[in-house]
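A, B and C are the chain letters, set down in written order, and residue numbers restart from 1 in every chain.
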Amino acid sequence: MPIQIIAPAPFVTAADEEDDEGGVRLDFDNEGDIAMDSDAPRRAGRQTGGIVTPGEVVTDDPQWMRGHGTYLCQSHESGSQSIVSSLAGTISKTNKLLSIRALKFRYVPEIGDLVVGRILEVQTKRWRVDIAAPHSATLLLSSINLPGGILRKRTSTDELQIRTFFSEGDLLVAEVQTLSNDGQASLHTRSLKYGKLRNGVFMMIDAGMVRRMKSHVLTMNTSNGGGEVDIYLGVNGYIYIAKHTTPLTESGGPEGKSVSITRLEEEASEAIYSNVNEEISPETRAEIARIACVIGALAKNGVKVDEEMVHLGYEAALEEFLQGMEWGGDGEMGRRVVEASLVKRREQ
Amino acid sequence: MPPPTPLSPPELSYLYTSLSLTPPIRLDLRQPSQFRPIIAECSFLPHCNGSSRICMTEAGECIVGIKAEVEKDATTKYATVIEREKWIEVSVEVAGGGVAGAGSGSGGGGGGVGIGGISGAGGATGRDEGDGGAAVWLKEGLLAGGGGAGAGWSILDRLVISSGWHWKLYIDVLLLTPTSHPSPLLLSTAVNMALSSTYLPKLTSPHDIDDIPTFSDDWAISTPLYEPTSFPKPPISLPVVAVGDNVFLDPSVAEVAAAEAGLVITLSLVDEEGSCDVVGVRSMEVGRAGGKEGERKGIGRKLLREMVGACVKEAGEVIKGLGETTQKQMFRA
Amino acid sequence: MAAKAPDRRRNNPPSHGTTPPVFLSSASSGAVKPKQSSRPPNEIRKIFLRTGLISSVTGSSFLEIAPLKLSISVLGPRPLPRTSSTPFAAQAILTTEVKFAPFASTVRRGYVRDSSERDLGSRLYQALVGAIRRELYPKSRIEVVVTILDSEDEGDDVNTVYMEEGKTTVETKFWDAGRSERALGVVLAGCITAASAALADAGIEMFDLVSGGVATSFVDEVGLKGKGVGDAVSNKLYVRDPAIAPPEGKVPLATCVLGYMAARDEISELWISGKVGTKNGTAEMDELVDEAIAAARSARGVLNEAAKERVQFIVDKTGTTEPLKEESTDVQMTG
């Protein structure tokens, strides 16, 4: 059968899926203080796993501070202040700060986030970058590593040659450097960790499906002779999976290569902004595709993507079809892989 | 409408090399002739003679409603081919004005060059249709499906009520996912299922009089537009692209962007063994056509054979699968 | 959609169109038969193709194939408008526009392009886009504008009309569904050929000239009644560059239109409509495609001549002998 035709699944409520570990993990602790005041009917939502809807009173206990997704409301009768939710989502608390996390949202950039983005537009001294946020981010010409060394001065020649660094459609990995008042992010790639992406594939998942981690660049050892593979898990849900490349040393060219100090800089520049892929073996390509399928399946089945899950999912995928190349990435196969990887996690 | 951001050169080259390997590696590890799963539902709109809903991972969701209205022949006995072709009206409406979420969109907009649309609609000036000309080829396939002129069967015959009266079929396709280039597979499977689930009320007045016809209001004895047990079945259009010497069915957006040649092939099932007739072929705009020197600029004859052959091989199963799904859902209701 | 928006600039005819009068020759009681063409099925009609007739545009051509007359202007390459909404284009952006003149067919056409005209435009785009070396013209735009002045039209000879005892009977040709495909196919093939000539005239670099070809397969009419389709198929007749009227006793099965690059043996645009049975592989389709390619090859001869003719004309007129000079220096260098 070349095609799989699925009848639409009946709507499943949260109650039906209670035993399913795969759902979005609710960080709310039912034993916590805020669950204590339980008389008002409007607060009933909190008893069923900490899910609130906009307008719902979260608490009127003055010990809590309001965080994202909440606002303060003064009651007309008692005059007491209560914290009210302004989002549909789960309650999360950090010390005494109450905030609501929406289940589905667009990416909101924060300083220090590692993001994967795509150049939308080239302007005179900057680029506009799509990072899946409400506003496109900007990347200034002065925020990138210019060829010829970090300390080089920016010249008008660079401005004229702006397209040789990044052009429309180019993918890059960057860090959010600053945020303007209206939430627009400004990126920088002034580290050899960041820069243009090549040698791999790009995919996107919902921003909320990437768990924030210490490091968002993973290097995985793959089976089937695939070698090492780098995974850039952008906090914004954009993901790039590429063949592992030896990071360029601070001084320029690849390690162990002796070149004169002036040539070094030339090499670095070419390597950073080259549009040519390296030689990638078919084995590596197959494993890159497998990892992409795993990440896609995890996100689709509502499991947050992090380093552990990618590893477990990849293992599960390998077990399911050791050499198999018959995977659509979604549908039944994807489900099976995700379930298998969740079982593995529970075992650990 | 701003065109979607193109893929970056390394991305395209990576895709191109992966797809031109032997055996090729598709990014989602599919076989070259494997389709992505689709979610299909039919006959769920009570006000329509036939309806369907199709969901695809990448192409999104689309709903088709078919309504039949009784109409007097515009030129009575002078009904010409042109007049008769007006008996079927296909329109494709894109929700949200057809603007792809390309600006800063994560909703699939960042994807690729003009994709999936048939024959370079991106290049025509004053491109004022949101549907990339989809309505034109959908109707063309429908009229040709079932053999067109030569096979002696036409869907138009089924629309004749009596002398001077006919059904006018309105096929309204509503694309719920905004896109500038809807996937041909999505639209054609949706129309296919909707047509298979279309029933027309039974005529109770005699066939040969010119008076206004009357119909039975009992849906249990209504007649299907396409007989479920006989052939032909409604046609289906399959997109197929070629990269190097490899041929891929149901290409993803990125694969179309990296492909060298693309066709949309309309096929119609002719017997129970799953044999299919090709009833239409159209070129599809692909990303790399007309790229750099030394690349393929068109389709060679050998490649054309391979592309059509690949579709013919798989189409029977697809049409049969769709037909079975339709029947299952029709009788469940 | 803009197509449905009222056109305020002109005084428009009724929106629903008008029915053309059908004149019957009252003297004859027999059928008014459409004219039969006398040329053999493997021969295309004579093509008249000239370039450079419109002086105000970069390149132009005029093509005439029996009733079909069309004129093509090529504008550009010219810069893209410098607005913020215009995206950067590393390759030239090609735009094509096909418009029937309102008087080009029996039924008057409006000024606003209808869906079939838009469709023809996008086919023409597909046929040409691969052949143009677009990467040599970054940030620019090339426009191909086609105006069809006269066409062999869908409205002609639609029905066979009988007159008996003062009563008119019309035998409708319901099953000739391939008629509009053939008419549009001939128009598209003409557009492709003429547009290549106009592009060459405009001095735009191309990998190869694209010529258009169209072929239709016909089967015996008798074979249709009943189940004798198999017999009919074996009796297939391929007609290159088909006229509107089908050959005597034949009904059309499928029509193939393509844009063909002869030097590269590649098809840049393909449109097949109608049944090309493939129970036994793709043999039937191959035959039809080969016929269309043969038609395109025939047109290519005319296209080459037309492209050369203009160059020759200018060379003669200006007395430029540069090509010869270069040739002689080459000889000196090798010798």
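The definition used in the following text is that a residue touches a chain if its C-beta (ideal position, glycine included) is under 8 Å from a C-beta of that chain, and two chains touch if they have at least 3 such contacts.
Just so it is clear, the structure is predicted and the values come from calculations on it, not from any experiment.
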| item | value |
| --- | --- |
| Chain occupying the middle, per Cα centroid | B |
| Two chains sharing the most C-beta contacts | B-C |
| Distance between chain centroids, defined by C-alpha means - chain B, chain C (Å) | 25 |
| Separation of chain A from chain B, taking each centre as the mean of its C-alpha atoms, in whole Å | 35 |
| Computed distance of Cα centres, chain C from chain A, in Å | 51 |
| Per-residue multi-chain contacts in chain A, two or more chains | 167-168 |
| Contacts with 2+ other chains: residues of chain C | 87 |
| Contact set on chain B toward chain A in their complex | 5-11, 13-15, 17-18, 21, 23, 25-31, 33-41, 53, 55, 57, 103-106, 110, 249-250, 314, 317-318, 321-322, 325, 328-329 |
| Residues on chain B engaged by chain C in the complex (per definition of touch) | 2-3, 75, 77-82, 84-85, 118-130, 133, 135-137, 140, 143-144, 147-152, 154, 156, 263, 268, 270, 275-283, 285, 289-293, 296-301, 304-305, 308-309, 312 |
| Residues on chain C engaged by chain A in the complex (per definition of touch) | 87-88, 90 |
| Complex contacts: residues of chain A adjacent to chain B | 1-8, 106-107, 118-120, 130-136, 167-171, 196-202, 204, 206-207, 236-238, 275-277, 280, 282, 285-286, 289-290, 292-293, 296, 324-332 |
| Complex contacts: residues of chain C adjacent to chain B | 1-3, 19, 22, 85, 87, 91, 93-97, 113, 115-116, 118-119, 121-123, 125-126, 129-135, 143, 154-155, 158-159, 170, 172-180, 207-208, 217, 219, 224-225, 229, 232, 251-254, 256, 259-261, 264-279, 281-282, 285-286, 289-290, 293 |
